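This structure is in structure tokens; I'll ask about it shortly.
The first chain written gets the first letter, and so on, giving A, B, C and D; residue counts start at 1 in each chain.
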Amino acid sequence: MKVEHDRSGTLRGFASDNNSGISPEVLNKIKKLNPGHVVGYGDDEYTEKAVEILKDNFGSGSFPYLVFTGTGANVLGIAAALKPFHSVICAETSHIYVDECGAVERFTGCKLVPVETPDGKLVPEMLKKYMVGFNFEHHSQPRIISISQASEMGTVYTIDEIKDLADFAHSYGLLLHMDGARLSNAAVTLKRSFKEITSDAGVDILSFGGTKNGLMAAESVIFFEEALTGEFKYIRKQAMQLSSKMRFIAAQFIAFFENELWKRNAQNANLMAQKLYAAVKVIPEIKVTQKVEANGVFAIVPKPAIPLLQKVFFFYPWNADTGEVRWMTSFDTCEEDIAEFTERTKEILSGL
Amino acid sequence: MKVEHDRSGTLRGFASDNNSGISPEVLNKIKKLNPGHVVGYGDDEYTEKAVEILKDNFGSGSFPYLVFTGTGANVLGIAAALKPFHSVICAETSHIYVDECGAVERFTGCKLVPVETPDGKLVPEMLKKYMVGFNFEHHSQPRIISISQASEMGTVYTIDEIKDLADFAHSYGLLLHMDGARLSNAAVTLKRSFKEITSDAGVDILSFGGTKNGLMAAESVIFFEEALTGEFKYIRKQAMQLSSKMRFIAAQFIAFFENELWKRNAQNANLMAQKLYAAVKVIPEIKVTQKVEANGVFAIVPKPAIPLLQKVFFFYPWNADTGEVRWMTSFDTCEEDIAEFTERTKEILSGL
Amino acid sequence: MKVEHDRSGTLRGFASDNNSGISPEVLNKIKKLNPGHVVGYGDDEYTEKAVEILKDNFGSGSFPYLVFTGTGANVLGIAAALKPFHSVICAETSHIYVDECGAVERFTGCKLVPVETPDGKLVPEMLKKYMVGFNFEHHSQPRIISISQASEMGTVYTIDEIKDLADFAHSYGLLLHMDGARLSNAAVTLKRSFKEITSDAGVDILSFGGTKNGLMAAESVIFFEEALTGEFKYIRKQAMQLSSKMRFIAAQFIAFFENELWKRNAQNANLMAQKLYAAVKVIPEIKVTQKVEANGVFAIVPKPAIPLLQKVFFFYPWNADTGEVRWMTSFDTCEEDIAEFTERTKEILSGL
Amino acid sequence: MKVEHDRSGTLRGFASDNNSGISPEVLNKIKKLNPGHVVGYGDDEYTEKAVEILKDNFGSGSFPYLVFTGTGANVLGIAAALKPFHSVICAETSHIYVDECGAVERFTGCKLVPVETPDGKLVPEMLKKYMVGFNFEHHSQPRIISISQASEMGTVYTIDEIKDLADFAHSYGLLLHMDGARLSNAAVTLKRSFKEITSDAGVDILSFGGTKNGLMAAESVIFFEEALTGEFKYIRKQAMQLSSKMRFIAAQFIAFFENELWKRNAQNANLMAQKLYAAVKVIPEIKVTQKVEANGVFAIVPKPAIPLLQKVFFFYPWNADTGEVRWMTSFDTCEEDIAEFTERTKEILSGL
């Protein structure tokens, strides 16, 4: 099946995969499950079905909970395993460190420890220096290593890389958390099932995202340790992430897995990123800075061109000093977008 | 215009006004605003339009922010005005006190002070004894009086009652917060505009609900003091209540105000509550315990009948000791529901 | 041995038992343990000795930790057993509810549930209505019942009353916390050992106070469940209650138990309260409002007399509306104080 | 006047300046102010006097508050200026970042941003990259730059360096916080008054320490902006740092400034650090790693020698990988300590 593209909207852009709308299949599913009364707050058959589907995809030892936002999924999953004197070690580019306005710190009271990386990916070697202070009451106690898959730099951990991190974490008694806001994109890249790249690889807690891949507002926290789940329902409620009309978050996930919508959407986004990459890497003024492994392209662009380019295809600068920018493709990016953007870019660059 | 009723769903009930689904007009609006890209996180024209509509309805001095949940709206609105050493005075039946798993305490660190009421409504006379300890560092400092309109007991504050509370609060330097999860129902009862029953009556901070009146998941925090808004955007983000695809919360509110959908929905719910009240008050075994002023009916029912009734029309017990139950009507409750429920109730009671 | 009285200070009063100074024995002990270096933060032989003494007095199954303040002891002991979605049930007169500026809420994120009492003492019958909402994610989960011994109203729980509360708490899976800021006074009244009135009676977590009974600034948290202790050291540090020069808190507790200083001090305070009670109860204009069972006397005094009396012997009003006042005696209150105060009171009352 | 040395204690060491005891003058002052009753919680003449002395030394625009611990002073001073969505930028070696078990994060909910430094000192150039994300709701908002004087590496900021940091902070609307746990040592090094090196240099919030310089447990938070003080009393109480018998913290500070005890103590500590430095720098196997500007000496020592040395003079390793250790001198370190330590060190090294 092919993804339908509707370019009739107000604006096209590469700002973020959440600037696109909702996959039509998802809206149809919401409409279909709308009639009648069901018990609120997730005690309904649709939510039960969505949870079953997630368990089918992530393994029988997975415990999924539905929430509204990616920040919510990250914070709540982490909070379930933390006491306030714990710390979380993460890449300094990670969403939890730089893009959530300190939500983890506020909600958990914990310390986040940022680690510098070249490509958004942690490796055990970088983490050894932080494995100190255990049992010493003056130090926040390391408890979670958090990685993003795909990373915020558009790179993807291999399964072996994840396993190495999981082994490393577990050898110190830590847990491995994965921010999977773009897990679908990584799964497509790795050509492996969700289960293989998460629970089978040693991940303990997962934020599994839908919103950036065609859902309206639907994310989930999936635990791969039953011990972490016992009190999660209270955390979700207290954190304001429990939907009263839960069936409609459930509907989105049900649609996500029908006919592998998640895969079709992510395949399109990844493919468009490759096409964008192919188009810009041959432009002499542009220097691509990261491997293109998911649905993001990072590149250094002549600074005067940036505001001009943003006017035609909106996107965000990544590093104002160096002129690095980020272009994200999404489930509804289409070849016309790439072509038009490339053409305009060339025009603008030649006119500088 | 008439509200369409679709009784084809899996279950009918009076458990809560959030057990019903989404008004069709709302789904249509989401679909209509779906195509194309817009900037995420509320920086889009649809959110701008929704905010303008809210300002039109609540007054030019109102500052609306969209969020996902009612608990979120309450917690965030309150948090914007509080420091951790403040306290919030509220009815002991209030949603923030009993139904939010302590979310206000967790997110703000503040104390909630519960006040016993006969009908869910605060009056100044009850509050005087709590107006103590000002400037005394050993006491949490009273900062907010929070009321629910309509109340959790199905009663409605008159405008004069709100004004009295606002005057009382302001005379001590406190703010008046209103949990308006069911504000539409109250507005219909009072036959007054939203502005007249909130900002004009002295309310400082409002949670304005949509979800219990036909929206999918759309609530808002509305400040009537500009000073409270300056940093609210950070609070919303940090509290995990900022939607990346904000346009779809906006779409719900846009639909809410088109052709006064909010009013038609609430009128139906209130009318059905009156019909339910009329039907049950003449049943000798049933004793209605609260005035029916919005969309809830509270009644004491012979205890053995409760589980039998719940099987046919799901609802929640309110007080297990006394046999008091709560029946909520909603935008899609219809006369057939009332008739069927009344008939089954009579059967069950006669069979005890 | 007799308590030495030094009336040479700037002011005498009944404001609080913390308005008195330090028992000379305590200062001597601090001086004695001062020379030389010891490892900081409690890893020293004096702290070890203080802990051993506390274990001797509270039972081998007790786990004591030293802190600075009574509020600190309460908050930390409670925090060790709570997650943010829990609640603590306490008398509405309790120190944790009204006198700690919301410290429990801020530090734990939990809800405090106040219970009205006639005399500051909880009984199981009052608590039954709060034993609801278990396993229901919308409600804060009851986790601790907290009582004060002696109570804030100068009354004392009997051992049987404590056992009943402990049994009640445990039958619902809750813990019993005791704020023992004035435990010495209660022990003297009950003529029983600390162990008999705490761990033997079913208390799970104790704040054991010294400051109100002649120490400078020394309190302790004592757990009677080993499971609660594992991570307490991090909580104490993170809560800013870990003393770097811990030996000097230890020294205070060592002195407290030498020659039963705690008992001599509390006996004096209690005796003086009885003498004060005997002196004022025969004054017709004064109505004693609570049983005098520890070191506090509560009485209603003609309102015009209050400010006049406060000038000669400082004390706090308890209820401005009724004219109720609180008079606290302490380890250094002496008969001359009682005589002088009684005399002046009579003069002032007769001059009204 | 000379500092009296009593080497009769159980152990000598260079573990920390808080392993030493209390200056005799301080104990004498506590004893002198002990008799009689004074109102609790700081509303007494001794506290008033201590505050006046602090204002005399730090300037009339300073607002001092007394607390128990250095961590408490840091956390509370910072908390007074922060909302949970703010961030604090600090050296990665700073006490607030590594030695307080995440107390700032827990109490404020804020993010701490660590900056790598060669010598524990921040300079504006290092901070520029963090001056981003202002007004962007996804980012924690930079609000405080926090420095330690003397630094945790034993180095001291010059007044010009502090001024540069203050100017830098203020130019971005940030505040400059100084952790002055060892401010006395820095003042001695700089040969300038407290006022000149804090308020005159642009510091906004100061933790002024006494415990590491001969007090028992006495620290203070000093604001140089009146706007920051209004609600501090609630923060101190809620944070469990309000002493009921405040006069005894006051007594310590009164003694601290009589006959410049603080200066005599710090001069001794600094002088002993210089003597220790002189003694070890000529030992070939030892490499001093930091400038010795206050009362700490950092050096790399052959790893096998470390445990042997720790047995005779206790101290802490700083970096287990490199063999770097930290030796702190204190007000009661004496020449015999240096001589003995040097001698034993040479013996141990020659015996390896």
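Operating definition for what follows: a residue touches a chain if its C-beta (ideal position, glycine included) is under 8 Å from a C-beta of that chain, and two chains touch if they have at least 3 such contacts.
No experiment lies behind these values; they were computed from the predicted model shown.
Common neighbours of chain C and chain D, by the contact definition above: A, B.
Chain pair with the larger contact count among B-D and A-D is A-D, by C-beta pairs in contact.
For this pair, chain A with chain B, the centres built from the Cα atoms lie 33 Å apart. Centre-to-centre separation of chain A and chain D, using mean CA positions: 42 Å.
Mean C-alpha position of chain B lies 51 Å from that of chain D.
Counting partner chains per residue, chain A has residues 84-85, 100-102, 106-107, 137-138, 234, 237-238, 242 touching two or more of them. The residues of chain C lying in touch with chain D in their complex are 6-13, 15-16, 18-22, 24, 27, 30-31, 33-40, 45, 68-72, 75, 100-103, 106-107, 211-212, 216-217, 234, 237-245, 247-248, 314, 332. Put simply, chain C touches chain A in their complex at residues 41, 83-85, 137-138, 141, 231, 233-238, 242.
On the chain C side of its complex with chain B, the touching residues are 84-87, 98-102, 105-107, 109-114, 132-133, 137-140, 320.
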